[in-house]
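Please read through the structure below; I'll follow up with questions.
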Amino acid sequence: MTLDVGVLGYRFMGKAHANALARLPMFFPDAPDIERSVLVGRDESALSDAADQLGFDAISTDWEEVIDEVDVFYNLGPNHVHPEPSIAALEAGTAVFCEKPLAPTLDEAEAMADAARDADVPAGCAFNYRFVPAIQYANELLEAGELGEIRHVRGRYLQDWLVDADAPWSWRNDEEMAGSGALGDLGAHTVDLLQFLVGDITRLSGHLRTFVDERPVEGSDETRPVTVDDAYSAQAEFEGGAMGTLEATRYATGHKNDHTIEIEGSDGGLRFSLERLNELEVCLEGNRGYETVLVTDEDDPYLDHWWPPGHVLGWEHTFVHENYEFLSAVEAGGEYEPSFEAGLSAQRVLAAIEDSDERGEWVDLE
Amino acid sequence: MTLDVGVLGYRFMGKAHANALARLPMFFPDAPDIERSVLVGRDESALSDAADQLGFDAISTDWEEVIDEVDVFYNLGPNHVHPEPSIAALEAGTAVFCEKPLAPTLDEAEAMADAARDADVPAGCAFNYRFVPAIQYANELLEAGELGEIRHVRGRYLQDWLVDADAPWSWRNDEEMAGSGALGDLGAHTVDLLQFLVGDITRLSGHLRTFVDERPVEGSDETRPVTVDDAYSAQAEFEGGAMGTLEATRYATGHKNDHTIEIEGSDGGLRFSLERLNELEVCLEGNRGYETVLVTDEDDPYLDHWWPPGHVLGWEHTFVHENYEFLSAVEAGGEYEPSFEAGLSAQRVLAAIEDSDERGEWVDLE
Amino acid sequence: MTLDVGVLGYRFMGKAHANALARLPMFFPDAPDIERSVLVGRDESALSDAADQLGFDAISTDWEEVIDEVDVFYNLGPNHVHPEPSIAALEAGTAVFCEKPLAPTLDEAEAMADAARDADVPAGCAFNYRFVPAIQYANELLEAGELGEIRHVRGRYLQDWLVDADAPWSWRNDEEMAGSGALGDLGAHTVDLLQFLVGDITRLSGHLRTFVDERPVEGSDETRPVTVDDAYSAQAEFEGGAMGTLEATRYATGHKNDHTIEIEGSDGGLRFSLERLNELEVCLEGNRGYETVLVTDEDDPYLDHWWPPGHVLGWEHTFVHENYEFLSAVEAGGEYEPSFEAGLSAQRVLAAIEDSDERGEWVDLE
Amino acid sequence: MTLDVGVLGYRFMGKAHANALARLPMFFPDAPDIERSVLVGRDESALSDAADQLGFDAISTDWEEVIDEVDVFYNLGPNHVHPEPSIAALEAGTAVFCEKPLAPTLDEAEAMADAARDADVPAGCAFNYRFVPAIQYANELLEAGELGEIRHVRGRYLQDWLVDADAPWSWRNDEEMAGSGALGDLGAHTVDLLQFLVGDITRLSGHLRTFVDERPVEGSDETRPVTVDDAYSAQAEFEGGAMGTLEATRYATGHKNDHTIEIEGSDGGLRFSLERLNELEVCLEGNRGYETVLVTDEDDPYLDHWWPPGHVLGWEHTFVHENYEFLSAVEAGGEYEPSFEAGLSAQRVLAAIEDSDERGEWVDLE
């Protein structure tokens, strides 16, 4: 069986997933056979060039046609394009892999999760950082109880591409298209990772900030308003009793893509940073301090598919792993995690952060 | 002129300050002459041994007598002993150096600051971490505007000495004696450092947690209740517009004394960790990433008093520096910072964190 | 024009280069078109499986036939297989890309370089670490003179896969097949990198050691002798006046693939470690210490082909870059560096290290 | 009993030891009582000021008188002043503590060790880095066999205070006064530490370099020749079979006082750097990578004398520890390590490095 894949979106995420699809046969030979069938977008000329480069058989400017023709539909467009095509595809019985955050608003995310619940095919939310080998290894340690009862959780995602007040406006600065700013773009990753590793957030206090109110439009004299947050922070309680702090920003001078997770329990602790994604720092029983583990041994998660110990992986490998898992689930007709349900759960947290920020008080996640 | 110094408290802080006093003549020859005149406590036998070891001329079990006899009164007792003797000493015209946090409660801290305002002598609050050379250097960078407009602030103080639920009870676990737990003990340092470096906190949301409710009394079968917080976190806004997160805990497995400060502005960023206190990481104009500066050059703050470049200082040197500054101010009849006013300002933040935690909402610091 | 590529070797290096070839169209669209035409080996069944997985059109057990049929011949076999097919291919007018070290012996390396000199096609030696973006960036800094006159050079390559005396014997432990041990396998990389960055080694003192004399043959009760070095060290002088130390070992407990380069000049210094290959630490004019540069910006070497800043690359990307450069040179009929000449130059250093070790004295490289 | 101490030298080392003596009573109450009796030098006015500041009772410009009057003689002068007064003091039955390297030449070092052998009092060589708690802890691990059979040793000492070719001439650049340059000043420390931790060096190949031939005399228009090495490197074999590389320089741009030790054995590895002297990185049984141990726990070497865990020590504390050990040995009439014998052993290695450099070949240490 060959799975025909249709992909909406051909920029950053389009390239990341197309690359992942292209690499499966050589490194994950037991993955289902894939045909990069059709690339979907609006600008035919750009689309055609992208299809050439990314190895797609055809292009289409009409996602409605595509969702019927393919076995799997990848929704990699801007956030405001996530809900309608994803729901339609699921209703058409087509498996859907959708980028995060699931939707611009909680209502739309709920509708998407409803559609997923009613469908017989997997609906995955592309939280790729779950598939960093060091994160999978961290999860194994946590599931084995090696950290004991978790007490402290920290997650922060620091970038600096908006530090300059004259950096150009993009759809990521627009509430209608993006839903939110650093919160949805970066915070969604942090929330999902922490809920994956530690458990659901049950209560929180959130805070949003916009530092620069308008930005120049590239190639024009105009400016456009920034209608999303530039940064957020939150305090949280987790089921199981841990307390945590979360934060993300696009204004962290000197930090390019620094997604850091720290977890401390009664028996151990761990730390992870995306800029050194091959490493996990752990302090376990018998340790006096944190040990830097290079998670590249043959029996580390996914590493038997790649290179000998010490030959490090990059950011893009997380996409290969998640595509492998998602497509295997599609082929097997099984479950895939993180599903739309996980995407919705993260979205509820994001919405609660916004709600808490507006009300100036803690809010419960029922 | 020789300043007679009376010191209440002869344990951890007593030793740290006695050592500082003893080291001044060799390393800060322009410091005033000091006589370690009298050591004050309750247990005569322990006191007498301590006076011998710490080099005091005499002992006393009655602080009320001592405050009249000496030129300077050091109040290094548990927090609940801070207010009364400090106020009495100031009223007697004796300069006072008091350990942090200033008092167990905000009311008492206000009374102490009132007394300081009415006195003609310096009243210092012993926030020793201001006197880490790397922190002084950071302050120079900030005052010179090298970081631009500050947007992000992070301060956290991680220790792990209570991770074990069977670690013994101490006065630091008791609300009456300590006022608060990690909040006052560790958070006071963080709040003061951030207010020193960045400016006053104007609004915050705070959160407190106690993980272990009672602890065994050493040498007995009893337990006593833990009536203070084991950990706190906070979100804050600073005058000038920065947003920040703060945190402290005694349950951070693998962290012994990890007081970390991070500040990011429109033009640069910096990071500091107390466990590597000779280093400051900076990202300034022209840098692409963070540069590890060993703050031990001859023209670094206080370093001309010590050793050649690269010969690192320890934790205790911060006490030498603060004692030098405080005693010089006493001798000169001048001002000392951080004063009781700074101690009160930190205390207001601590109280606001507790208040916010109770109310579940943001609170303003007028 | 499409270049037909024949590849001898289908294990570790075969997979690394096949992957590189497969990734060029998507990420380096201006690279020549490539056909993975034929995979060469001895075991037909294993070969056939490998060709399937690695995407080759055909297989062959006779390299002599292949070198005439293809435009480019990749020689990725064990070291003792490097000379004969490489020379034959060059004599047949076929471009050759050969893994390092160039040959088991200096004589053979010289014959290979002779053949390359006589040929009209590029003959490249696959020193992939030159193509780490951070190394290219380091080279730019050095060529711009930002480090001033170079005085100190350190290169060491630490692995630990032979720490266990019971780890199985492999061809890498055999002098006839490998030529040398850590020296040729790891030291060749270090020597080439340092000569690339700093200049030729002119004089050296070398030292070799074998810690474990024989090793068990996997799946049998036998042992076989280890006839190569387990580790080497060297002191060296470079043209231009720098002094250096070099070292490699397979017994460095806790180090998986730690290839570290350090260079210090009159105006600056730099450090690189392969386990964190996206980073370069630099101390340049105006710096007080070393700054950690994440070499992933859009204008960093090769980075415009990949992902946004902070989205790190892995070990395998070095192969994509070198294949891009080599195949572009083949297509253009131009020069490629590192050529067989560079491979020979490194080999001369390796031979001098062995010679010096035997004689117990410094040796000159004419 | 009170030990009268006479100290020759009142600059850097004089201050370091005077400070150590002054701090013993408060932190090592079981140390012998000490009187800082007399400070010895040539310039009476400078000497008098120094005695005041460093707390000495008297001064003398004639060491010959002093060695009879005191119980302990500290020889902290330039290297060329080490032999004669040390030997005379020992012959007078006075215990001697001498700075490293023991002497400018091997002959003189042998004479000093001879005198020590004939004396009934301890003769200590002040290799203070043995007394870093992290080094003592490393030694405990090594003595317990936790690293297994040692295979690799690295020691390097990097400073940068001569990078600038216009940095002023000092006695440290003069062969007659210093004996050697980086070799004796820095290399002596490395050699002693490695021999302390790993065992004696049995064979070596050494290399010396002078980068700048003459330097300006401060406050004049003259220059003076640099007659010592600016840097050295060595390859070595140790008893027990380890191989090692050693290096020191005063030209390592960006390194202030970076004395790094690395040791790898069949069962574990460790790393130490003087700029982070409270830390030891270890990779022991059960570890996958290196663990950063903050060696400040109560049961760590000497730590029960100081502060609670995580309250870091500085460079100067190494002097307190070594003075404590040395003076305790004097009081007890016992042995002290490192003795003059250890100083001589290090000196033999230094001489062998010079010898090897001249001859261009490996030399044996009988």
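Brief remarks on what is shown
As written, the chain order gives the labels A, B, C and D, with residue 1 at the start of each chain.
Methods note: a residue touches a chain if its C-beta (ideal position, glycine included) is under 8 Å from a C-beta of that chain, and two chains touch if they have at least 3 such contacts.
Protein names from UniProt, one per chain: A, B, C, D = Oxidoreductase.
Remember, it's a predicted structure, so these values are computed and weren't measured experimentally.
Listed by label, the chains that touch subunit A (Oxidoreductase) and also subunit B (Oxidoreductase) are C, D.
Most remote from subunit B (Oxidoreductase), judged by the distance between CA-atom centroids, is C. Mean C-alpha positions place subunit C (Oxidoreductase) and subunit D (Oxidoreductase) at a centre distance of 42 Å.
Averaged C-alpha coordinates give centres for subunit A (Oxidoreductase) and subunit D (Oxidoreductase) that are 55 Å from one another.
Taking each chain's centre as the average of its CA atoms, subunit A (Oxidoreductase) and subunit C (Oxidoreductase) sit 36 Å apart.
Of all residues in subunit B (Oxidoreductase), those that touch two or more other chains are 255, 283, 287, 289-290, 294, 297. Here subunit B (Oxidoreductase) touches subunit C (Oxidoreductase) in the complex through residues 283, 286-294, 297, going by the rule given at the top.
Here subunit C (Oxidoreductase) touches subunit A (Oxidoreductase) in the complex through residues 12, 15-16, 18-19, 22-23, 25-27, 29, 53-55, 159, 161, 255-258, 274-278, 294, 296-297, 306-317, going by the rule given at the top. Here subunit B (Oxidoreductase) touches subunit A (Oxidoreductase) in the complex through residues 147, 151-152, 154, 163, 165, 205, 207, 209, 211, 231, 233-235, 241, 243-245, 247, 249, 251-255, 264-269, 283, 287, 289-290, 359-362, going by the rule given at the top.
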